[in-house]
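Consider the two complexes below, in which chain A is the common component and chain B and chain C are the respective partners.
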Partner chain A sequence: MKIELREIHKRFGAVHANAGINLSVGTGTILGILGENGAGKSTLMKILSGYFHPDSGGILLDGAAVRLRTPADALRHGVGMLHQDPLDFPPMRVLDNFLLGREHQFWQRRSAARADFDALCSEFEFRLDPDGFMFDLTVGERQQLEIARLLWLGARVLILDEPTTGISANQKVKLFATLRKLAAQNKTVIFVSHKLEDVEGLCGRVAVLRRGALVGEAQPPYTTAGLVQMMFGQALAVGVRPAAPLGAPQLELRGAEFAGEHIVLRNVDLTVAAGEVVGLAGLEGSGQQQLLKGVAGLVALGKGSLKIGGRDLSQASYKEFLAAGTAFMAADRLEEGMIAGLTIEEHMVLARRGKQPAIVDWAVARTAAQAGIAEFNIKGAPASVVEGLSGGNQQRALLALLPPALKLLAMEHPTRGLDVESAIYIWSKLLMRRAEGTAILFATADLEELLRYSDRVLVFFAGEIMAVLRAADATVEQLGALIGGKQK
Partner chain B sequence: MSEVVLIATLASILADSAPIIFAALGETLNERAGVVNLSVEGTMMLSAMIGFAAAFVLDGYGPMLFMGTDLAPYITVAAGFAAAMLAGALIALVVAFGSITLRRDQVAVGFIMTLLAIDLSSFAGVNFVRKPGPSVGHLPIPALADIPVVGPILFSQDAVTYLSFLLIIGMAVFFARTQPGLRLRGIGERPQAAFARGTNVVLMRYLYTALGGALIGFGGAAFSLHVKLGWSHRHTAGFGWVALAIVIFGGWDPLKVALGAYFFGALRAAATTLQALLPAVPVQVFPLLPFPLMILTLVIFNSDGLVRALSLLPLGPRRFLFGLLRSNPPAALGTHFRQE
Partner chain C sequence: MSSLAATERQGWVGRVLLVLGPVLLALVITSGILVLAGANPQATLLKLLAGSFGTAVKRADVAVVWVSLVICTAGLLVSFTAGQWNIGMEGQIVMGAIVATWVGRQFVDISGVLERGAPLLVIAAMVAGGICGGVVWATAAGALKVLGKVHEIFAGLGLNFVASAASIYLIFGTWKQKSGGTLSGTVLLDEQLWLPTLQGLRASPYSLGLAVVVVAAVYFALRGTLWGLQLKAVGRNLRAARTLGVATHRVLFSAYAVCGACAGLAGAVLVVGVHHRLIPGISSGHGFMGILIALLSGFQALYIAPIALFFAALSIGSIALQLDLKLDSSLAGVVQGVMVLCVLLVQGVRQWRSGGSGT
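And then the complex of A and B:
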């Protein structure tokens, strides 16, 4: 089926997620859609699969304008979407999952469905047991089931959102073979990814999105440099960092292993000195979070050793990490950083470390909150609830809650979603900490931020540290290629 | 125990369990859709009163209305059940509106409805206390009732008991063999995914909440018109809570819920017998027996230990036993659905 997207606009509040996108995809082709986190890929695909309605613009399928009201409506038109986290029902059996959603039927007709299921599985060489339970399946198998199901329901367009995340190398080979076979059967495949290698290996054409706009298209043979430049934009002038003398090692990792939900970060050797800023680059979920939480004591060390300020904390509790002078700032400010519903002054009381009197002296807390508000230029009052603050002010409040004289500060996306002024302000405060001898580790998707503020950059890919670069020598192209999983 | 007594006991267990069957299966429908309807206790109480009152009042007008037709007693009783179902559905709709549309806490809304409905039943039912009134008539099924042993147990009952059998079978088939039943399970497990597959989550949650509420109401009326005839202050006290517990006990599965209800009924019957056999034990102990037993069973079947024990078995029996024994609540139970 031929797809045409015309002048698609979609805004979420102030964010222009899709800004006038025109794109057409021919029958029997595999189109890759590249872009970094937040480039607008998911929004566009959710518009095409009926989850979102565009603010303006139109969708044409085989030349006919359609309105896709819901995902089920899109599937009736032949457009099926496979989500990164497959939208299935874990407690049910495989066959139940396959059946659920078949329209215009009262009885399930299980034996007929089972026969269709087996036929589809053997056609694509999927090894799925219809009587098995979903929770025994791997992500790759759940994808296979979802592909079979969408085809069964008549999908002629298959959209896959980051399908190679969390599946094994073998499953990836099988997935690619399946997608090529589908294209050969005149189905249309749209493959959304930020992994250069996957897109280059599979797609007959690539469209690149950046900040909500379609910035270019490419056809094989692809050049990595060309794709990277489209994804990340032109090379940036990197600002000059104030020099800061490095002190004694504040963080020492030897053969460290941190396990996360989907990914295990293995064999990390890293020393960070007092006053050093280390930036963590990579696609979201490549292991940066495990390292940040691990050095802050929030993810237990699996193997190896970990020292903070020269003290061995390999087996220490989170409390001991706090006492040793570490702090973690989460990307999700209202989920992990602060408590929605509580005020700034209440947070001041909660954030105090060490032994505290049983009865809260609110006058003292208010004074502390006022001092923090003045020092960090927060637009709010001591009695403001934190969810009422803007993102920038929440981030400033989080900084105000940090105890003085930290040895190690680990941060996820310190300036994500903030305006330029707030971002610069936050970094000025962080650089003051650095001058006082705090070692700073931060993860960000913003390459400019990485190069501007880091002394060193660690590049993560699929749970491994692919490269360690001196920020002063690194270029955006080099980083972009490494982030996309290209060694050179 | 002689055979005759045993048969009579079994028959009465089946009959006396009918109200709890209706209420627990109604609640199963609610919870499978993701809505905890905590108003069961109040709904049963109020609908027991309304069911009896409606039948009682209509019975008073009966001779005038039906001109002495043979159908009069059936019509009055059926009207009582209809009124009770309506009351149950209305209370459930309040819970649905509070939890689905207003996104309030389901437990709080349901609990308040329980308190309200209990007091309302005492207040509005004051004129019907201890009045003799209509009830569901005995209706042995010709031929089937004459089968030895099975006949008197299963087929010499009244219409309400037969309906309870049909409901159990019907609901089990609905869940296991129909597409709407599968979709209903989907709504309770992962509403976002159910929406992606074309289910109108909000509408279906309303529908199944109301339907479940109507069944709970039917259970209330089954109490006052079928088991413990008539109406008195706090007539059904405690049975709504038991129905709620049985839904959990039965792992949200209609067949197991029904088994749980009969198990509870059997324990109550056994308590009466034991009381006669062990006069030294204080009387109050026996009616309490079912509860610690239920807690014990719950602890065993909801524990990780069971999963671990099963994991030692080969794949075939493991899957079979797991499907039989597992009792995880619907994953989205008590949560709000927000479409992107």
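And then the complex of A and C:
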């Protein structure tokens, strides 16, 4: 099926996620969509699959304008989407999941469905037991089931969002073979990824998104450098930052292992000195979060040892980490950082470390909140609820909550969603912390931010630290290629 | 809990409207039901009023129910603030009553006559025992939730059944009266172990005082203490509270324990102040009613007392309906249920109209 997207616009508040995207995809092709986190890929695909409605713009399928109201509606038009996390029902059987979404059939004809299921599995060489349970399936097998299900429901366009995350190399080979076969059957495949290697190996054409806009297209043979440049933009001159003297080691990891939900970060050896800034580069979900939460005591150390300021905290509780002088700042400010419905002064009271009187002295709390508001230039009052603050002000408030004289500060995306001015302000405060001897670890998708503020950059790929670079020697191109999984 | 958060933000004008609107709506719906049942709505409602406030005896009976409801709801406010639905309140009341009765029975002979001990101390011990019973039962629900990852609604329901079965077992088994187990309960305890009541009435000034103290304590604890703030933090965002350094497990357990203490206290008061024995179904649904009152109050301690009074009046007044108009007293339950549904409906409509998400 031929797809045409015309002038698609989508805003989320102040963020222009899709800014006038025009794209057409022919029948029987595999189109790769490349872009870094937040470039607008998922939004565009969700519009095409009926999850989101565009603010303006149109969708044409085989030349006819359509309005896709819901995912089911999109599927009726032949557009099916495989999500990054397959949306299935773990306690149910494989065949039941397969049957889900079949419309207008109160009595499911299971025997017929089973026959169809078996036929699809043998056609694509999927080895799936229809009577097995979902929770026994690997991510790759869940994808196979989802592909079979969407095809059975009549999908002629298949959108895959980051399908190679979390599946084995063998499964990837099989997935690619399946997708090529589908293209040969005149189905249209859209393959969303930020892994250069996968896109280069599979796709007959590549469209690159950056900051909500389609910045370019490419056809084989691809040049990695060309794709990277399109993804990340022109390399800007990186400002020189004053070198700070490094102190004693504040963080020492030896053979450390941190397990996350989807990914296990193994065998990390890392020493970070007082006053050192270490940037973590990589696609979201490559293990940066495990490291940041691990060194802050929020994810338990599986193996190895961990020292903060020379003290062994391998088996310590989060409380002991806090007492030792660590802090974690989450990317999701209202999910993990602050509590919606509570005010700035209430946060001040909650975040204070050490012994506190049982009865809150609100006058003291108010004074402390006012001091924080003044020092960090927060646009809000002590009694403002935090969800009413803008993103930048929430981030400032989080900084104001940090205790003085930290040994280690671990941050996810310290400036995500902030305007340039706020970002510069946040970093000026962080660099003051650095000057006081705090070791800072931060993850970001912004390569320039990484190079500008880090002493060292660790590049994560699929749960491993692929490279350690001195920020002064690295370039945006080099980082971009490493993030995409290209070993130099 | 999004609707819970939304109701908290309204001022008192909004709150009054939010209560009065549904009350009127509920009145209309109830009248409709009455007409369908072949009764005159106006006469019935007047009867209901007379049946609850008509005489001193009736007012005292209302006060007895009010005490129980207020203490339970105050406890529930603590667990709701921590984001926990303590459905197990009923069982915790029963456990409080069981332990209070057990303590009392240690000091009396087989026919309930006090054998030893100063009456006041025994009463105090019974109340303390009841509180412990409630705490243990609530902490069990809390442990199932926090450590066992069992949803607190299932944990609470299960424990309710166990507590209720245990009380029946004791009444018809271990603690049965000389004459055999009866529905009237275990042997009546010595009058010296009764909380002193007002002259000729069932209400005790001591239990009324206790209820007021409990509500005031909860009001103050939620408003002014670090613990209250931590409860609020945990209830609204467990992950962020943990990141900020709140000892989330400890706070959750404390919420269950305090809620259970209130339930146990209510159960003990039912024994020392009202029934003077363990009877089947001693909790009389007060735990569930407490949840309705908490919902109606928008989780504000200040509003508990008047709403509980309304509920207590309905419960007592409906007894008169049965006697005088041959209408079943379950009508009170219908009115209460319709009220809560109306409140939730009005809240839902307001949220929907203000453009909030439907999730």
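To be clear about the criterion, the second predicted complex is superposed on the first by the 488 of 488 C-alpha atoms of A that agree within 3 Å, B and C clash if a C-alpha of one lies under 4 Å from a C-alpha of the other, contacts with A are read in each partner's own complex, and residues count from 1 in each chain.
Everything below uses one rule, namely that contacts are C-beta pairs under 8 Å (C-beta built on N, C-alpha and C of every residue); 3 or more make two chains touch, one makes a residue touch a chain.
None of the values given here were measured: they were computed from a predicted structure.
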Joint occupancy of chain A by chain B and chain C, clash or fit: clash
Which of chain B and chain C A:443 touches, first, second, both or neither: neither
Touching partner for A:251 - first (chain B), second (chain C), both, neither: neither
Partner chain in contact with A:359 - chain B first, chain C second, else both or neither: second
First (chain B), second (chain C), both or neither touched by A:368: neither
Which of chain B and chain C A:167 touches, first, second, both or neither: neither
When the two complexes are fitted on chain A, the stretch of chain B hitting chain C, from 27-35, 63-71 or 117-125: 117-125
Where chain A meets both chain C and chain B, residue numbers: none
Partner chain B, residues of chain A touching it in the complex: 46, 51-52, 70-73, 75, 87-93, 96, 99-103, 105-108, 110, 131-133
Chain C - residues contacting chain A, complex: 5, 8, 224-227, 229-230, 232-233, 236-237, 239-247
Parts of chain B lying in touch with chain A, wherever the complex brings them together: 177-180, 182-183, 185-186, 189-190, 192-199, 319, 322-323, 328, 331, 340
List of chain A residues in touch with chain C within their complex: 298, 318-319, 322, 328, 330, 334-342, 346-347, 349-351, 353, 356-360, 362, 401
